[in-house]
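One chain, subunit A, appears in both complexes that follow, with subunit B as partner in the first and subunit C in the second.
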Partner chain A sequence: MTTVQAGREERPAGTGQDAGQAGTVPDDAPRPSEGQAPSVQDLRRGRHRDIWAMVGRRLLFIVPVTAAVSAGLFAAAKYSPFDPLVGYLGTRYMTTSDADKAIISEQLGFDRPWYSTYWGWVQDLFGGDLGLSRSFNQPVAQVIGERLPWTLLLAGTALALAVVVALVLGIAAGVRSGGILDRGVTALCVVVQGLPPFVMSLAAIAVFALALGWLPAAGLTDGGADPTVGGVLRHLVLPVVVLAISQVPWLLLAVRESVVTSKGEDFVAGAVSRGIPTPTITRRHIVPTSLAPFVNIVGVRLPELVVGAVLVEEVFSWPGVAGAIVTSARDLDMALLAFLTIGTTVVVMVGSLLADVVVALMDPRVSTDG
Partner chain B sequence: MSLRVENLTVRLPLPNGSVVHAASDVSLDVPRGTITALVGESGCGKSILASAVMDQLPAGARRSGSITVTTPQGALDVFAGEPFRGLHAALVPQSAATHLTPVRTARSQLDETITTLGSPRTSDELAVRVGLDPSALDCYPHELSGGMAQRVAVAGALAGDPSVIVADEPTASLDRALTDRVLGLLRECADDGAAVLLITHDLASLVRTGVADRLAVMYASRLMETGPAAEVFDDPWHDYTRDLLGALPSRGLHPLPGSPPQLTDLPDDCVYFLRRPETRQSGGPTALVQVGDRSYRTLREVA
Partner chain C sequence: MIALTGVLVLTACTTPGGSVDGASAAGADGTDGIVLADGYELGGYNPVAGFGAAGEAKMYDGLVRLTGGEGMPGFEPALAAELPTANEDATVWTVKIRPDVTFSDGSTFGAEDVVATYEAILDPASASEARSSFDMIEEVVQTGDDTVEFHLAYPYAPLLTKMLIGVVPSESVATPGLAAESTLNTAPIGTGPYTLVDLSPDRAVLEANEDYWDGAPEVKKLTLLYVPDDNTRAQRMASGEIDGTNLPPLLANTFEGKDGMTVTAHTSADWRGLSLPTDNPVAGDPAVRMALNLAANRQSMIDNVLGGHGRVAATPIPEVYGDAYEPGAIFTYDPARAEQILTDAGWIEGPDGIRVKDGQRAQIALMYNSVDTVRRDLAQAFASDALAVGVEVNLEALSWDRIDPRINTDSTLLGGGDEPFDPDTQAYGALSSVFVQPDVGSIYDNPSDYQDATVDAALEVGRRSLDQAERDAAYREVQDAYIDDPGYVYLVFLDHTYVSKDAGWTMSGPVLEPHAHGVTWGPWWSLQSWTRD
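Up next, the complex of A and B:
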């Protein structure tokens, strides 16, 4: 009995109940299971297999979700208070006769039930036709092709900036929690969190574009000019900074929180007792342990970034896809709206999957069960 | 190459205004090449002594007295702020796995310790020394069993060839076979010349293995009795030591009356009489009386 217990105690934690052979397992074997002792290499290989399995499972999961989201979108559009005819006819809506409206409605299929419209859209989609955007009078593919790069530029730069600022300030604040920097930064975060991005955008325009005249207020280029690298960069500064600032608080508070938590853990005391100097403990023990929860938060809250991008693009007349979501929703421009909605859904799901993969790679304890 | 604790008193103020009496006027010598076991029930202040030796008392702790580590280079005051951890005094923590950073392998942390301390050892060499297959070092802490993690912790403590090793309940979560192995490892460290302070509540293992050279018995932040372990086990002088030993299964399993006292806002003297009213060694001003190489706490002679 004693030998069996000794064997079990020697088994690495988390391998569950043992088989009768536990007593014969060499007591240094890492993670033996079912009486066999896989090597550390096997452990790592198994881990990678688990992560790939998670990726496959989650990618498969995207299919039913996008199907449900798109169907829900078409159903909701049918019952929305907006009339697609208003969007289509614009100012002519008031001057068009009811008979003409009925004809146009029928031609454009506005009076068909939503599932019929939806089915048509799905068939076109699988035929490689994204349809025509009524709001922009362009094929959807062209709208996306022209606008997506600008959104990626804006959102990508803003997210990168926000992550860097949040990491640097969050770690500094967390390491010396309760200090002046920590209290200042935390208070500022709370204030910024309470400011909606459009208020911040308008304030930024009022101060830096109108009052000081340092930066352009809106658009991608100065009126009518061809886009140049310098010109675009000048126009990029305000929206990027506003979008980044609007994302910084929750990122920063998350970093700070996980650093503060890590700081009080036994492993920090352990490193101190082994004589590891404080800067090394921060860099090689606290930060690596805090990063996984941080990446997790980034993944979970990607929708925040999308919402922020929509608002900022609107206010700054940035010619990206996020702003086009608002236009297409108002006009019930279903072809474009459906593509953008599904695109956003997929971006959020793939983003959070990517975050989970990074977390699983960074923290060997994280389960990949989904 | 020895550890000397002199008149150490540690008080931990709590946010609610009360004060934890963690150690009261504790004096203890751990000579080189020996193991001194500090025993007592859970919550008597033993572990605070480990934190104090490593100068890792909780923030806000008030202390008086001194702790000196004698190294081949001379005497070292652990509270002086000089780096000494790992190099002159090392800690074997209670829950070894949680004292390793979870997202890095045991090897990476052992290597880091070796580099930091400028030690000539290698991690594989240390692993072999503590009876661990070197390939186990490539595991993450959560992949190690309790016994393996404890041996990694001992390896980490040995990295800098310290003069003093403090083991804080190193066998708390281990079964008998593993307990004996870890205690055997500490014995080897002592035989190699280290001064080992073994903090434990597991008297049964001490009696069984005879690993300790000297014994110090603590109750409610105070030392009750010290002396050569074999003599104290055979013939305890303090009533508390006798009660503690009497509770062992091998000695009749007589439970101690009541429960160990809370350490918050203790009176300024020994409180054992509150638990065992018939004792004649507590209940007034007490002092440690030295007789040869043994000492015990008893009521002060009223002249």
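Up next, the complex of A and C:
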């Protein structure tokens, strides 16, 4: 009871506008819907139609975006200061004669204009051929097929863990904002945010694998044994925990922010004045309205997770696809780089769309951007 | 002891893959398998694309192979039946082929495979990374059932160094195409002591070739793990999970004195040094060139940058070259003399401590590849040594393609020793003036545009002569002449450092290592010949 009022005092201007000011909630922030007066059924049916329309619009939108992104990628690679020959020849870059460099460039098509390379790639793509990765000397489909599942396992588990931790701690901190837990958690988040994931990874290995001996140091299995479910799970613990911890701060702070915001809204004040107990208000009113912007943030900030995965996979010698992003970019391995870039683009767009759909279903006040 | 070993083997067999104890036993402790962690990406096992050009590939054999031991390695026949012989002027080399050798796919090895392998490397359609290294070979022809001839474009005495590369079946290169796209990269077919049985992004498993023509290896299984992070390799080594790995010198030193672990440092001809381009008004001045060579405190670089694992360099020829090495060809660290030489040549100290001559300030730009921390540290150490004698060295971290256009005007921190098994492959590209002409060789060949008539003449003698004593004398002359007229500052030769778990194997001893190194080198370069009672 008192806590809710304390929260209200903190934010005297506590209305829906607060969400925008907090800076953590993007475009689709809760907005009061325009008032009409049809029946509840009509409203619901219209609402679903709107959501489907949004899904359709956004899916259509993906096509020009991926086309622009991929074309831009090939053009940028061509005009970037990096020479794909450096990646291709590796240490032999220095010893290869200029004449041979010219031959190799010609054979590999490095001297072709970007739109010609791009057009070739597009044609192959529609022919079902993802091309060959020069960095890995393997078909792109094979590179992805062998690595993506491990990344999905690592990143998926870590994200789930991070979301659970962020929700529990974030709600607890937000409900009692200004309390000891809130201040402790917020301070910890700031510290963790400043800690690079590879430092955390090496420290985790030093403590839990070497000093305490509880968990294996790195890799998928011990000493290159064949993977087993139990073995992989044991090896999964440290990288997942480190990746999850590195993702918790921004998630947690977002949850806390929206809980604090919801707490100041009129419907909470109404519930308080009706004498509803604080736990019920938290559970029934504050948490559901706070979740919507949170889901949105998870969708929009997926790239953050990819960056974290790159570092964690490298340190833990996790055979995932994240490292391939770095390798392909460094070597200008266009077939692989293009696939990974477009893949990431599509994932982020679909992720953000799914988040918007969930938010729209959860919160009837949210507009469906039409 | 035997009982203990037995228990460990049993543990290894009965523990499901997840246990730490089981895994460490699966390594060198009890079984005949070895697990190594490498910092290099797995796969890319195609000799046509340059894989294993020094004969280190475990799945392939070259026509000849290296003999190990201290000093300069020699050559012994592998897929050749006897050591190849040359005609008088070393332009035609005849190779007799070893009979009764089979590839891992069951097909028989023959002369046509040798011809096909070299033709594929030289075929422009392959876009082979190794092509330039074989540019002396005009053609390889089969002259009998079991003989091939190498016809060269020019006399070339050290051709055996070009016969170390693995031979692939002619069927695998029958269709011309990019070597990078060949299936050999992931499914190698060779005659070597091991065959690849499994390849995934983090692991390559090789098994002993029981039909190997030189006897089946006793180490039956080799597992290579891809562990890109240096610190993680060290930590996995410390946890006892793997049997060996390569580590940078300072990290390797942390294993010194640990029970059951051995730190080994292998000599290489892998040099680091900097170019001093002739066209540069400062770096091209003979007095500056000599002074910088005397001002560089090479031993301090070895102690501080390389953790003690290195040797001082004065020329590209290291001491390990034996009779081809000139012991007198050294630069003693003497900053006082360096200052004297500069002053005598008219480089007078200005108000800010930097020398000036005829209005030209004694400052040079030193470029280095931004991803290489050893080069960065050496460049920094050199810059502070140069500053001490009044020469300002400005460091620039760049990628190779940014260094390219400035290579002949500004100094670059370079590395060499890619093909260290002959003084010619080691020194010719760096010192011969044929590369001063534009469009000859690579722009990184002789980047200083160094020209010395005595050095040139002796390099040609060494390249053409088939008389070992005459060659050795020629290379000593190269060093003698270079010392009086340096065109680079050669700083150090790196020693490559490895950590391995003791397991009671009798090994063949070290071998001189090239620039590229990983766990295919180190104590494991001759894994196939290891024995254990």
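General remarks:
Assume the second predicted complex is superposed on the first by the 319 of 370 C-alpha atoms of A that agree within 3 Å, B and C clash if a C-alpha of one lies under 4 Å from a C-alpha of the other, contacts with A are read in each partner's own complex, and residues count from 1 in each chain.
Quick note on the criterion: a contact is a pair of C-beta atoms (placed from the backbone, for glycine too) under 8 Å apart; a residue touches a chain by one contact, two chains touch by 3 or more.
No experiment lies behind these values; they were computed from the predicted model shown.
Contacts of A:Glu304 after superposition on the shared chain: neither subunit B nor subunit C is touched. Of the two partner chains placed by the overlay, only subunit B lies in contact with A:Arg274; subunit C stays clear of it.
Of the two partner chains, subunit C is the only one that A:Met94 touches; subunit B does not reach it. Judged by the number of subunit A residues each one touches, C leads among subunit B and subunit C. In the superposed pair of complexes, A:Glu257 makes contact with neither subunit B nor subunit C.
When the two structures are aligned on the shared chain, A:Asp124 is found in touch with neither subunit B nor subunit C.
In the superposed model, A:Asp50 lies in contact with neither subunit B nor subunit C. Common to the subunit B and subunit C contact sets on subunit A is no residue at all. Within the complex formed with subunit C, the subunit A residues making contact are 81-83, 85-86, 88-101, 103-104, 106-108, 132, 134-138, 143, 146-147, 150, 198, 202, 205-206, 209-210, 213, 216-228, 230-231, 233-234, 314-319, 323, 327. Only residues 16-20, 22-24, 26-27, 35, 37, 41, 43-44, 46, 49-50, 124-127, 129-133, 135, 178, 180-182, 185-186, 200-203, 205, 223-229, 231-232, 235-236, 238-239, 241-242, 399-402, 404, 414-415, 418, 429, 439-445, 515-516 of subunit C touch subunit A when the two sit together in their complex. Put simply, subunit A touches subunit B in their complex at residues 2-3, 5-6, 9-14, 26-31, 39-40, 43, 265-267, 269-277, 280, 284-285, 288-289, 292, 362-365. By the touch criterion stated above, subunit B contacts subunit A in their complex at residues 54, 56, 83-87, 90-91, 93, 95, 97-104, 109, 112-113, 116-117, 131-133, 135-136, 138-140, 142-148, 153, 156-157, 159-160, 174-178.
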